Amino acid sequence: MALLNTLVLAILATGFLMVSRRSLDAIIRLYALQNILLALVSFGLAGGELHFVLAGLALFAVKGVLIPWYLFWLIDRLEVSHEVEGYLSVSLSLLLAGLLTALAFRVGKAFVLPEAPLPQGVPVALSLVLLGILSMVSRKKAISQVLGFLALENGVFLMALSESHGLPLFVELGVALDAFAAVFLAGILIFRIKGEMGHVDTARMRSLRG
Amino acid sequence: MLYLLVLLPLVVFLARKEAGRLVRLSVLVPLFSFLLAPFLLGTAAGPFRLDGVGLFYLLLTDLIYALVALFARGYFARAEAWRFYWAGALFLASAHGAYLAHNLGMLWVFVEGSTLASALLVYHKGGARPLEATWKYLMLGSVGIAMGLIGVILVYALVGGATLDWGEVRSLVGEADPEGLKVAFALLLVGFGTKVGLFPLQAWLPDAHAEAPGPASALLSGTLLNVAFYALLRYAAIMQAAGLFAFASSLLLTFGLLTLLFAALFLFGQKEYKRLLAYSSMEHMGLAVFALGLGLPWLALYHTLAHSLAKTLAFLGASGILSLTHAKEVGRVGGLVFHVPALGIPYVLALAALGGLPPFPLFFAEFKAVEAAMRWPGLAGLYLLGLGMAFAGLLSPMAQMGFGRGKPLRGQGLDLWILWLLLGILVILGVFPGVEVFKELEVVLWRK
Amino acid sequence: MTALLALVLAPLFSGSVKWLKARLTHRQGLSPLMEYRNLFKLWRKVWIAPHPTTPLFLLGPILALLGTLGALALLPILPGPTFKGDFLLALYLLGLGRFVQMLAALDAGSSFGAQGSYREGVVTVLAEPGTLMALAGAVLLGEGFSLSGLPELGVENSLVLLLALASLALGLLAEGARMPVDDPTTHLELTMIHEAQILDHSGPLLALYELAGSLKMLFYAGLMALLLPGFKPLVFLGVGAAWVLALAYLETYGVKLRYLRLPDFLSYNTLFGVLALLGAIWRF
Amino acid sequence: MSPLWTFLPLVLALLSVGTPWRFRGLSLFLGMAGLAWGVLGGMGWASGLGAPYLYLLLLGALTLGLAPYLPAYLAHHPREAHLYGFLLPLFLASMAGVALASPGLGFLFLWEGMALLGYFLIALEGPNALAGARAFFLASRLSGAGLYLAFLGHGHVGADWVWAGLLLGFGVKAALFPFHAWLPQAHPVAISPVSALLSGAMTKLGLLGLYQSQYWFGPPPPWVGWVLLLLGLLGAVYALVRGLGEEDLKGALAYSSVENLGLMLAALGAYFLKPMPLLLGAFFLHQVAHALFKGLLFLGAGALEERRISHLGGLFRKAPGLGALALWGMGVGAGLPPGPVFLAEWQLYQGFLQGPFLMPLAAGALALVGALALYFYVRLYGLAFLGLPRGEVALHWTQGMRLSLGVLAGLLLLLALVPGLVLDPLGVPTYPNWLLLILLGVLAGVFYRGLLRMPMRAYGTWDCGFQPLTPRMQPNGLGFAEPALRLFPFLRLQVGEHPRLEEPLAEVYPGVGRIYARLAAWVQTLQSGSLHLYLLLQLLTLVVVLGVVLL
């Protein structure tokens, strides 16, 4: 159990780092790391049942490797500054992240169900979700919003793991497939936005009003 | 066989980019599934099972898709029609999947799939504004759906990880702990509420519907909102089975009323007529959620049916107007009833139908809703106030576009008979509501 | 029946008023009977049809006379038709006469006739409610809800009936177009109200209007007579004589009110009417 | 003998719209429908089946009068003629249906359907009819909302609320004072046959509804009676004074409708306070008489192209027939003795004077209304038909219109001669009106012929010896009404180069509209276009909903 605790705390740490880092490459690498840790957690929880292990491996393959590689490829093609502009300064976003995590832990207790396999994982999952939304809200660049969304997705996956050993296999695969399709579509859109508007800053996309 | 029904729409891709064949296939496929589906009622295959409510929405979606595909023939230039039909085929496949999915997880996956497919529909051939609309739609939709996923996970955990099949979950959920269920339903409501366009979460709806090409926005309003509403319906049935409907109805009523009032305020003084119709969709989805909250799922079904038909008619009319006048603002379009009655009259009557006027079904739906809401007179008062405000918003565009000052124009190259067909269906549905059919569907959902 | 009596007396009434005014200003004055010869002379003259006229031009004087005669016929001074609510019909028959008279004035197309008619309209708006309320108050006190059942002036209902009499008096001055409201002998068209409307009527038409004018005054006098105790025809003659004196005195020594001051003057009429009605309701 | 067979001619009328037979078929079938309703209504009312049958009688008479008018009018209004031909029978059917329906879904279905059809009929007139059509539709939906509250809230809400809903619902349709503003905007802008139907028949449905509500929802609380009485009389006086300042002929007629409706509402209010057959007689006779004479005047106004009173004048000589019929219509409208409207007001007076508490004072108000009505109709008729023509007026006074106005005038005459048609079932004694009418007619005729035989000489009008009179010397619309407008506080007359009439009450409704528009604009800033705000909203919603659920 101690191993699982450290893994979960490590995941929380990567979540915090993802919110605070300024460079896109660092965030993508942290995302890949988070996926690895998640895969380890799912192996730890699986306890030998084959299809859990299989599911963990498949997810790791899709989210751990495929998506980060795709994102790296995307950033290179876009020739856009790897800098992450946002509304909040680093310290302020960290402060907010801390607040949200505290809220998540306070509220998380109500989420924990009686026979949850990893009770301490639920508040962390909730905080990951809130951090994901925070980063989406506070980041201006389109890519960083996609990353925020992926962090959110990891939080949900951790919630699934800690609540009930993860969803049934094909549902899990469906979710992962959808996540990838969303990212893929977002990638195409970012390309078109770069082509159409010359920038990737969603804050300047405000022509649809009223 | 059900797998066939899910994958049937992909047949459209055979026609590749050749417009004529695309149109033929895009009309034949939904009609074929429209005829095939009733025979598959009750059959099950893997995660899919077709029951009454699923069949109802399936038939509605196929009918609307066929009509929209037929109308789109005159709307799109030959070169770029393939984009619409391909995205439409993907969307139809995911909609079929959602209505057939009996497994809650698969339902979520297909709803997410329909979001992505409809994002393609909105994107169509690009441009600054459609791009922005698609991006916002994708982001808001995905975040909302992710919250919905947490809800699905909680439901799955509450049932002890045994199954995600809707039928079993409904029977097992009796012993689940109520607090967890309340939290799960709240998350699901916020999740699918984003897709349905309830008040605080509706920001994507007007942009997506206004920037999508005419027939695409008809599809979005007519069928996409129903997919998310169908999911809400399933989860409301679970809450009812768990005996927690009192809590669920209070949430549904609050969200429904908020959506109605704020949609009415958004409607007022709206400059573009497609944004106006989008807000009217938001308003009617709020009314449907309100009807569900009142504990009358048959009324919610009836309301979504009536709204889908009326909104498809309105949006097809709007796209006809756009193709004739190339003007998006209400002010620059006028005197349609005088200049091109074949398009003007159905469009004005569609706006009247959305305003909840008698010969059309939405009047009957709103009457029954007020009748049921009278248990709490204050609530019924607010409901009537919301309806009045919404109507005030719809009135001036209807007056200006129908009878106001406008340059004479000629209606050509559009299949306007579809509009009159839809109008006929609406009037028949309005005069003979056929409540028994919906009461039977209610039995499938609601466990007495 | 009362109508015939009044028809006979009317020229005498207006003639004697003119005679008394002349005497008061130390002039010899025409004899009261002169009015009959005057009407007869007018009846035989050639009447002038102003250029743009319609049949209404003729109907004006005719219906003015018929309306007033109809109203007088309903007065029970001499036995005549009486039924519930006949006082309303009487007042509204006067209204019918006034309606056609105002239209006939407009018909000639002259600005004086039009000014006379809309001023008459305003006078009616000011005077009618008060008079009707006063009459209604009196009728409420009586029984049978008709003119025949009007109560005579007695000790117990003195206040209401005095108010009614005062209101009827003011009503006479307003409807009969006498001094404080309108000067019948003025030559300046801009100050006229009643005279302006009959500017273009000449010969027999003018005779009809003259007759109708004095008959209207006799109608109000008859109403006041009904409210006073005693044998009705005699009281009617007495009231007529009293009015001759009053009018003559008023018109030699009184002065015509400025037109915009009329509302203040006629508001007394409305006040008396309301008080009479309240008195009748609360029986004080 | 179910009343449904009377709707058969309407179905035929709908079918006949397609035929190229220049609307003859339409007018024939509408005439049949009118006749059928008249007969059914008459028999039903005579055998005491209740108010709906009197309404059918009224509607039938009006439709009978309208039938010959339509082909003549639509001949020189060819635009949208087929749409009118299609919508009019539906509109009539919905009105008849509402009269016969009992409260519930069917009633509201027809009620709102009537509002929709009415809206189309008004809006079809053209772009300048939009403001009026919009006011009409908003008012009808407001009345629909009131009826929802009353009909559906019957079991759940106290009687006061139910009656408040009824007053709102039917009051708006019957132009109760604060809600009357839509009528003078909507009725004049429509084409004349439609405004005749709106003013003549549709507004009476509100009255019928209020009257029937005492059977549907039990006797009303006392405050309803006083509200109807006071607001009715106040509305009548206000409408007449505002109508005096009205420049548009049909606008003035609409204000006179508001006045007559005010009187009917007052009669109903008095009846609710003290049920007397006199008041019922006044209530119903006034309805039938108003439907006929207002239909006559609106259809008459339809024959004129020019509608501003200050540009009319001298029409009697151009169309003596129209002049005579309009004189009879306006005479009856002004409440002059031989007319049925006087008979109704005569009963109303007696009803007021025998009423409880301070109701006799209402007789004073009624006298004021009578005097104002006299002044109002003298202005309307005098400036339009008499004197020198002030401007060139195109007149379409064709055969069909003569017949139609003749029918309506004849029905009015019939009502004046035999008021028993309406009054006998109520058992209300009246003085022999027919005797008065015949006497006046005969004597006037004798005098008229006598005067004509007398020697006469044509000469110019008296002009004080200065230069000859010109048409511009006659007063225009506002000039004629100026002294009366000075008397009343609720209107301000701006005299000067361009005299204008300011109506404070008319600013109230647009003011409310502006406040609502500002609120809507403020809410719309929520849709600001920034994705980050939307995501923040989503987060807040999640937090708030979870907070609600967990606490």
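Order of writing sets the labels: A, B, C and D. Residues in every chain begin at 1.
Keep in mind that, in the parts below, a contact is a pair of C-beta atoms (placed from the backbone, for glycine too) under 8 Å apart; a residue touches a chain by one contact, two chains touch by 3 or more.
Per UniProt, the chains are C = Hydrogenase-4 subunit C.
The structure presented is a predicted model; accordingly, all values stated were derived computationally and were not measured.
J.: Which of the two pairs, C-D or B-D, is linked by more C-beta contacts?
T.: Answer to which pair has more contacts is C-D.
J.: Which whole number of Å gives the spacing of the CA centres of chain C and chain D?
T.: About 35 Å, centre to centre.
J.: I'd like to verify one number: the distance from the centre of chain B to the centre of chain D, where each centre is the average of its C-alpha atoms, in whole angstrom.
T.: Taking the mean C-alpha position of each chain, the two centres sit 43 Å apart.
J.: From the C-alpha centre of chain A to that of chain C, how far is it in Å?
T.: Those two chain centres are 99 Å apart.
J.: Would you kindly tell me how far, in whole Å, the mean C-alpha position of chain C lies from that of chain B?
T.: Those two chain centres are 77 Å apart.
J.: Among all residues of chain A, which ones touch two or more of the remaining chains?
T.: 110, 133, 136, 145, 202, 205, 207-208, 210
J.: Would you give the residues of chain D that are in contact with at least 2 other chains, written as numbers and ranges?
T.: Chain D, residues with two or more chain partners: 524, 527, 531, 535, 538, 546, 550.
J.: Spell out, as numbers or ranges, the residues of chain B touching 2 or more other chains.
T.: 135-136, 139, 143, 147, 183, 206
J.: Which two-chain combinations qualify as touching?
T.: Pairs satisfying the touch definition: A-B, A-D, B-D, C-D.
J.: Applying the document's contact rule, which stretches of chain B touch chain D when the two form their complex?
T.: Against chain D, chain B makes touches at 135-136, 139-140, 143-144, 147, 182-183, 186-187, 189-190, 194, 200-201, 203-204, 206, 251, 262, 265-266, 268-269, 334-335, 337-338, 341, 352, 357-359, 363-364, 367, 370-371, 374-375, 377, 380-381, 384, 387-389, 391-393, 395-396, 399-400, 402-405.
J.: Chain B touches which residues of chain A in the complex?
T.: 110-111, 113-116, 129, 133, 136, 142, 145, 149, 152-153, 156, 159-160, 163-165, 167-168, 170-171, 174-175, 177-178, 181-182, 185-186, 189, 192-193, 196-197, 202, 205, 207-208, 210
J.: For chain B, which residues are in contact with chain A within the complex?
T.: Touch list, chain B to chain A: 47, 103, 105-106, 108-109, 112-113, 116, 119-120, 123, 126-129, 131-136, 138-139, 142-143, 146-147, 149-150, 152-154, 156-158, 160-161, 164, 177, 179-180, 183, 206-207, 210-211, 270-271, 275.
J.: Residue numbers of chain C touching chain D in their complex, please.
T.: So the residues of chain C in touch with chain D come to 46-52, 54-56, 58-59, 62-63, 66, 70, 83-86, 88-89, 92-93, 95-96, 98-99, 102-103, 106-112, 114-115, 117-119, 121-122, 124-126, 128-130, 132-133, 136, 139-140, 145, 189, 199-200, 203-205, 259-260, 263, 270, 273-274, 277-278, 280-281.
J.: Name, in rising order, each residue of chain D that touches chain C in their complex.
T.: Touching chain C: residues 314, 316-317, 320, 323, 327, 331, 334-338, 342, 346, 349-350, 353, 358, 360-361, 363-365, 367-368, 370-372, 374-375, 377-379, 381-383, 385-388, 429, 431, 436, 439-440, 443-444, 447-448, 451-452, 454-464, 469, 471, 473-475, 480-484, 486-487 of chain D.
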